Amino acid sequence: MEIGLSHYLVLSTILFAIGLVGVMKRKNLLLLFFSTEILLNSVNIAFAAISHYYGDLTGQMFAFFVIAIAASEVAVGLGLLIVWHKRHNNIDLDTMSSMKG
Amino acid sequence: MELFLYTALFAPFVGSLFAAIFGASPKTIIAGIIPSILLGVSLLSSTVLLVHVLSTGEAVHVEMMTWMHTGNLYIPFGFLVDQVSVTMMMVVTVVSTVVHVYAIGYMSHDKAFNRFFAWLSAFVFSMMILVMSDNFAGLFIGWEGVGVCSWALIGFWYHKESATWAANEAFIMNRIADLGMLIGIFLVYWNTGTLQYHEAFEAMKHLDTGILTTIGIFLFIGAMGKSAQFPLHTWLADAMEGPTPVSALIHAATMVTAGVYLVVRSNELYSLIPNVGLFIASLGAFVAVFAATMALVNRDIKRVIAYSTLSQLGYMFAAAGLGAYWVALFHLMAHAFFKALLFLGGGNVMHAMSDELDPFKMGGLGKTMKATMILMTLASVALAGLFPLAGFFSKDMILEAAFSEHHFIIYTVLLFTAGLTAFYSFRIIALIFHGEDRHTALGFHPHEAYPFMIKAMIPLAILAAIAGFARPYYFDMVIAVLPETEYHIHSAMTYWTMTIGTQLFVIAAIYFAYKKYMSSDIKVPDGTSEMENSFKYKLLINQYYIPYFYEEFLVKPYRALSRVFWKDIDMKIVDGTVDGIANIIYNTGENTRGMQSGNLSTMLKWMVAGLVILLSLAVIFGLTVKYSGV
Amino acid sequence: MLAPVNVSMESLNLMTLAPMLIPIVGALLILVIDLFKSNLDKSLYVMLSILFLLMDFGVLFESAGLFAEGGTIMGVFDVMLIDGLAIIAQFIIVGTSMLFIPLALTNTRFHEFSYPEFFALFLFMISGFQFMVSTDNLILVFVGLETASLALYTLIAMHNRAKSFEAAVKYFTMGALAAGFYSFGSMIFYALTGSVEINQIAAVLEANQYADIGYVLIAVTFMLASFGFKLSLVPFHTWAPDVYEGASAAMAGYMSIVPKIAAFIVVMRLFEFLIHSGVVWLEVILYIFVILTMTISNIWALVQTDVKRMLAYSSISHAGFVMSAVMIGTTQANSALLLYWVLFAFTNLGSFSMLWISRAKNTDNAAESDHSYNKFAGLIKTSPVMASFMGLFMLSLAGIPPFALFWGKLYLISSAVTSGYTVLALIMALNSAIAGYYYLKLIVYMFMKDPVVGKDGHVYTVNSTLSLQVIVGFAAIGTIFAVAFINPLLEFITAFAYNSGY
Amino acid sequence: MFDHILSILIFFPALAALFGVVVDKDSIRAYGLSVAVVEFALSLMLWFGFDASVSGMQFMEQVSLIPAFGVNYIVGVDGISLFIIVLAAFFTMIGIASLTDTKNVKNMIITLLMLQMTMAGVFAALDAILFYVFWELSLVPMLYIIGAWGGPLRVYASIKFFLYTFTGSLVMLVGMLFMAYFYFQATGVWSFAILDWYRLILPQSYQLWLFAAFFMGFAIKVPMFPFHTWLPYAHGQAPTIGSVMLAAILLKMGTYAFIRFSLPLFPDASVFFMFPVAIIAVIMIIYTAMVAYAQEDVKQVVAYSSVSHMGVIVLGTFAMNVEGISGSIFLMIAHGVVSGALFLLVGVIYDRRHTKMMDQFGGLASVMPRYATIFGLMLMASVGLPLTINFVGEFLSLLGFYEQSHIITLLAGIAIIVGAIYMLSAYKKMFFGEVTREENKNLPDVNKRELLALIPLAIITVWLGIYPKPVLEPINNSVEAVVQLMHDKAITPEAKSAIPSVIKKDETSTQEAH
Amino acid sequence: MFEAIAFYLFAFLTISMFYIVVTTQQALYALTALAAGMIFISAFFFILGADFLGAVQIIVYTGAVMALYAFGMMFFDTTRDVKEKQGNKFIIVGLSTLSAVLVVLIVSAPIVSDNIVALYPVVDGIGNTQEVGVVLFTKYLIPFEVAAVMLLVAMVAGIVLAGKKMDLSLTLMNDAEIRELNEEKNKKELS
């Protein structure tokens, strides 16, 4: 049973879908951020796999940069999270709807 | 001659302007005198022109300036004084001069004296344009001009509801006819390429009868309105709300005869379409008897005279329709004189009776108003057509024409109408001047009119008396432009029988009228007598219920429909649709703005939802391509 | 062992990097200055930023000259791509930034401008956008995009009010999701073609004759979702109104222009070849997007009570309007897009600056938000000049000729007409009519109602300083006399776009 | 000196309006009036410099605006536009002169001057985009005038006015772009110049669509049934001056555009749509006249009467012959003068009584005789009395259309009846009868300022009614050129036969030369 | 064979870890599961021969990102259950299932790619790290540098947001208060 590219892609897609579920389901900002990490990580698997099967390094490069981006996002995201928490003393999305319409 | 032509035309205009300058200022006698003098000037000029035309037999034709010129259309202000128009000019200037002078007295107590003269002179000016124009457009200018002057003068006492109502009625009803006239003019233009009488009539000779018939009918519709022919006749009786001089000038002598003038002027057209002519004649005969019947019972002096006018217009149309154009014109002239006289006399009576119009409330006025009585009797005799006054000559000719053309029905109707005419004329003479004094009891103190007013009427009286004798000369003059139709009854026997028979019939009618209304048991009717409750009387006094019909079936539905159009269709449907679309858009926004709940979680769901929808579409498309392509 | 890599400096074309490096240097300088001496006045940083941006602008001219001579320039291992689009987009980005940064010089003090970091981040953001537009490598696009976005989130949050945090968080979170979409989309492209460079992707797909159209569509879908977020296309637009409302007016105005033009450029690069290859699906989807975005956001804008929020929806609508150019995909349409955006920049600069001028420190208690319509009632009586300017910008946004945006609309609709999109042209026209209503609403409030805030017109000009007035004046002149510079602009844009193959 | 007179005419008032910002508000009225007088004098100079015997465009100026896209600043006048420009300048002058005490008079004057710019621009523009620019721009001052100085529903009315016309004209814009594109396809050059477009012969199917697109814009502006409902609101709510400008000039834009664009560009489509349009025109004439009759507010009567008269103008336009088109252009001017005057007159009484409801009046003829006289004159002109200005136009319009259809003209001719009905009944309600209301007993008659505005209008009304030649002749020459162009361009046999050729006219004109 | 087993094992592990992340009510569980999931992912990288990436994954994610999150969590009360009110579960479940099914449906079909030329081919016999290094510092030099800028931006942003007194509003404070604040700050620096 050969593991082909498709397997990795399917895995990646499933993980991505899990990430999407998390994004939609999570009302806690921090856990929401976790879900976005899942999204990015799932893509990384696919990149690495494609890179492997094509024998091309570009995919690894992409994954590398995705990691960097994820890390930066975490920094900014946490900054915002903390500021928000300082002000409102919670990180629940449902409290975050002062603007609408 | 051009100078005289312009003088004749513009003198009334100058007079009108002069009076108009004082329009808003208090009464000044000069505002009446100057226009009257200017009208005299116009009369003189017209006379000069008449002499010129008589002596040379040549028409005077001038073209003052271009009015409209675009494309192939070319309409000048052109004026033509030929045998027909000079007749009309004489009639107009004579009657209007007399009426002006008379009105100085008649209107002397009116606040709006100046305004009256401004309008009256303006009317004369319009009438002069009407008769002098050498093209249909010019005719139409005069046509509408007299219409508006008539409107202003009928509604002269604008504080009276009835007067303003009558004015509007007259104007609108005339407009209905004018539309016909306008269409006629369009037809003339598009078929002949010109509106000049001469060229147009020339071109018509080569046209298809169908088109000519249409033209003839539409032009005649115009004439029907102005000359108040059935069914557009109701305005004329109501127009009597205006001051009496106005009625004399406009609604008896001049304006209402414009229709006859039009038909006479278009004789070349109507000669080509005898069927339409016959229709005109029949309608004329019908109107003659129709109006005469209404005059029989009416209790308003002026309305009686108005119906009589209507009836006489019927005669004129009968004549014109039968091709006896010159007879029609001749009757027009004669009628102008005696009818104006009759009206002015009526005006004297009104003056005397403080604007009371019911002859039943008068009686025995002959004692105090001898001059008026004589003049009115004279006019009535002329109207009745007794020898040797003008009416005899002109009316007799019409009967002869009908007879010799073998239209015996028309003849009979007209003959019968002659009797009716005599009857109702003398009915009011008898009621006003003779019989018992019924007015003193009602608190009236009648007095005779100013002497100069009486004097002013005298020329008319003279003309009404002698005009008939001018017939042969007149005939010689107008045959230059009108068809030479002389009617000779083949046998002298028949002729004399007819003439004398007619005279006797008329005299009998007069006698009957005197007998009935001079009796001392005439009372002011109070609606209780048997006669007043009879169907016939009701029918006649209500003018055959035609005004009622108009009110119920035209005016009220129009008003209601207008309201429906405004409130329901315009505001609700048309505007409602526009606002509805706007509201739908706005409300869509209002109702869906909740989608933007401001909740981050919802926003994220929207994003994912968008993605999923796109994905589904992509899959569907991808599968379609995959399985359809292979 | 790997063979050593020999690279000559010439082949690197380092010149292509110059425009992006300048703002980075500027930003670093600002950070360094702050290290040595804190509490310096904001005017210093504003002027420094402007100086660096000016330099940047000048260098762009240099690049433009090079492009005009030698066509597209690839640089630094073919990662950098300086073509006409890149140059025009950078002109717009840098130019607009230059015009927006003086808005920091307000009369009243605002939290964010007290920090030099604000200006540093601002400059970083600009360089991020510049990178984003001047490459066709999806990696660099991604990195540039994130650099700019992260800076932007921070800038919004630095306004330091509850609403601005909320806005930043919303923007950030959705941005993170969009980043996920982007990477997934790139991944599929990579899987399909083995490349992350757009021209390579295009070439490979072309060679395969789009055999795997389904996969292409999946990739396109993810890309669309990602850039739909950036461009605020319905239904990915939900962040826009909230973020505009939460951000300061100056920032909101900036956001309505610069990030979007950068995104538009990438979208053009990414989708143009697909559209030209006859991917019907994409065309249909874009058609739907365009119409949905234009119409729905217009309808929502109708019911707003806050001017800034209305302008947010209006910006969405404008973006949808312009998106049609991407769908049409002709040179005329692409030129129209860029032209439209330049003119839109002028107009929005004006309108948001006007809001900014009138922004008080505190939200007025009487009014429910910072810039409610009610606040502007009767402005013509209290502050006629202000009202006239505001009215002018509203008219321009509504597309009333001869003001700036009309010409953009004209050219854009014309491009639709030229390509046979009759229905689209009509829908665009009718949407302009709907949009007329909400712009008009503000005019109605300003010109036809009686003042409620107070007789004193000073309320409306609390922030007014000379620099703000200059900016507004500049925007007004650009808006009114747009017709004077449209021709050279259009010729320039058309030539550059055409020579870059768009 | 005539080289740039059109540009001066267009931009002088705009510049003056800008300068007006600094003029003190007590002196602004004098300032505005002097500017308007100068503008009017300029327009008269234009008239005198105009060579009536030339049928083409005169005083042409051309400046490239966006050569890359074929947008140019091209202005020029021919007989069709000349008089409307003069009329616009005239009404601006009259309007400013007759301004009564208005709040914010300064803004009003500035707005009016701006409006004057747009009006001059619309009629002088010979480039479709330039035309569109002024066309749209003219909405703005009007919006402000209605919205800021209007009645209680002013905001609703002004927005309705703006959006309705705006929507229509956007559709028109799409049409223009298509037209330019077709021109581009045919020649390879972008051009929006109308004179260039005239040379383009389109297939009939294209013409039909383009005609429809242009029609949307024009029909709403005219306004034609069923797009007319903005008008009563606009008039009802607008201040006097607004109604005057709207009725006198702005409505004419639509019908003018029909002659400038629809007819010469799409002769076949015009012939194709002739009957539908004519039927709409007839509905406008009769239906709105009846609606006018039902009104209770005298201003609404005049407003609806405008729609009715515009119907006649449209009908004349679509007569496709020289008589009809000349007539409709003349009627535009005539209706401008007369309806403008009528709105001014309504304004006079509104200033005194602050109501326009007819049942509030009655018997005014005795209280205000001069007023009644002038009103009467304008009323008679409005109902199309010969020797007043309206008659010439109405007569020619109907005459022209009679060639195309007898029945429709007959129906349209009902205008003269229904027109008389609503006008006379309105006049009767206001002026006749006894003075019943106490407050009406001492109303002052028209004062000098009002006379200053009204007398010239009265003079024009009569003068051009009697002697329309100075106006009609230049119109005629230009219209002949247009009709000939249409004839030459027509491709379908129906259109060829419906549009007469003018060339055969030579022999008649020599004959009439004496 | 080994590869297949490893793949399925780690696939199962990652999926379950991430499943825990999105479903658990305990923030600490989620954090731990996430960290574990990341590490399992690095296993894939090693399987796929991307050793460098695997290392980075562990270092950056588990080392840095998770540490950051852990710091972040210290601000909050992590012992409490995370309460999440769900409006409509159907939407979430429906949308995510649908998306997964759709993508899987397409992706599971084999990709037929011709014409793919590896631009930066993996060369046998050379360590992955070295290869990556060469590509990273030639072709991807610029993205690499930009990523550096990005990290700087993130750093500055983090400092500004979390470190600079964002809980005070300079907008609303008056001049005197700000001066006081600055003096305080200077004092701290001096001391």
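For the reader, a short list of remarks on this structure follows.
The first chain written gets the first letter, and so on, giving A, B, C, D and E; residue counts start at 1 in each chain.
The rule we apply is simple: contacts are C-beta pairs under 8 Å (C-beta built on N, C-alpha and C of every residue); 3 or more make two chains touch, one makes a residue touch a chain.
Every value quoted in this text rests on a predicted model; they were computed, and no experiment measured them.
Note on connectivity: the fewest chain-to-chain touch steps from chain A to chain D number 2.
On a Cα centroid basis, the chain most remote from chain B in this structure is E. More C-beta pairs in contact connect the chains of B-C than those of the other pair, out of B-E and B-C. Taking the mean of all protein Cα atoms as the centre, the chain whose own Cα mean lies nearest is D. For the pair chain A and chain E, the distance between mean C-alpha positions equals 6 Å. Centroids of chain A and chain B (each the mean of its C-alpha atoms) stand 95 Å apart.
Measuring from the averaged C-alpha position of chain D to that of chain E gives a distance of 69 Å.
The geometric centre of chain A is 26 Å away from that of chain C, both derived from CA atoms. For chain C, the set of residues that touch two or more other chains comprises 139, 143, 146, 150, 153-154, 157, 169-170, 173, 177, 191, 194-195, 214-215, 218, 241-242, 303.
Among the residues of chain B, those touching two or more other chains are numbered 593, 596, 598, 600-602, 604-605, 608-609, 611, 615, 619, 622. Taken residue by residue, chain A touches two or more other chains at 5, 9, 16, 19-20, 23-24, 26-27, 33, 54, 56, 58, 61, 65, 68-69, 72-73, 76, 79-81, 83, 87, 94, 96, 98-101, whereas all remaining positions touch fewer. Chain pairs that touch one another, listed by label: A-B, A-C, A-E, B-C, B-D, B-E, C-D, C-E.
Listed in rising order, the residues of chain D touching chain C in the complex are 64-69, 71, 104, 107, 129, 132-133, 136-137, 139-140, 143-144, 147-148, 154-155, 158-159, 162-163, 166-167, 170-171, 173-174, 177-178, 180-181, 184. Residues of chain A touching chain E in their complex: 1-11, 13-22, 24-28, 30-31, 33-35, 37-38, 41, 44-45, 48-49, 51-52, 54-58, 60-61, 63-65, 67-76, 78-83, 85-87, 91, 94. Those residues of chain C lying in contact with chain A across their complex are 138-139, 142-143, 146, 150, 153-154, 157, 162-163, 165-170, 172-173, 176-177, 179-180, 183-184, 186-187, 190-191, 194-196, 241-242, 245-246, 303-304, 309. Interface residues of chain C, counted against chain B in their complex, comprise 169-170, 173-174, 177-178, 181, 213-215, 217-218, 220-222, 224-225, 228-229, 235-236, 238-239, 241-242, 280-281, 285, 296, 299-303, 434. Of all residues in chain C, only 1-2, 5, 7, 17, 24, 31, 39, 76-80, 108-111, 114-115, 117, 120-121, 124-125, 127-128, 131, 135, 137, 139-140, 143-144, 146-147, 150-151, 153-154, 157-158, 160-161, 191-195, 200, 204, 207-208, 211-212, 214-215, 218, 361-362 touch chain E in the complex they form.
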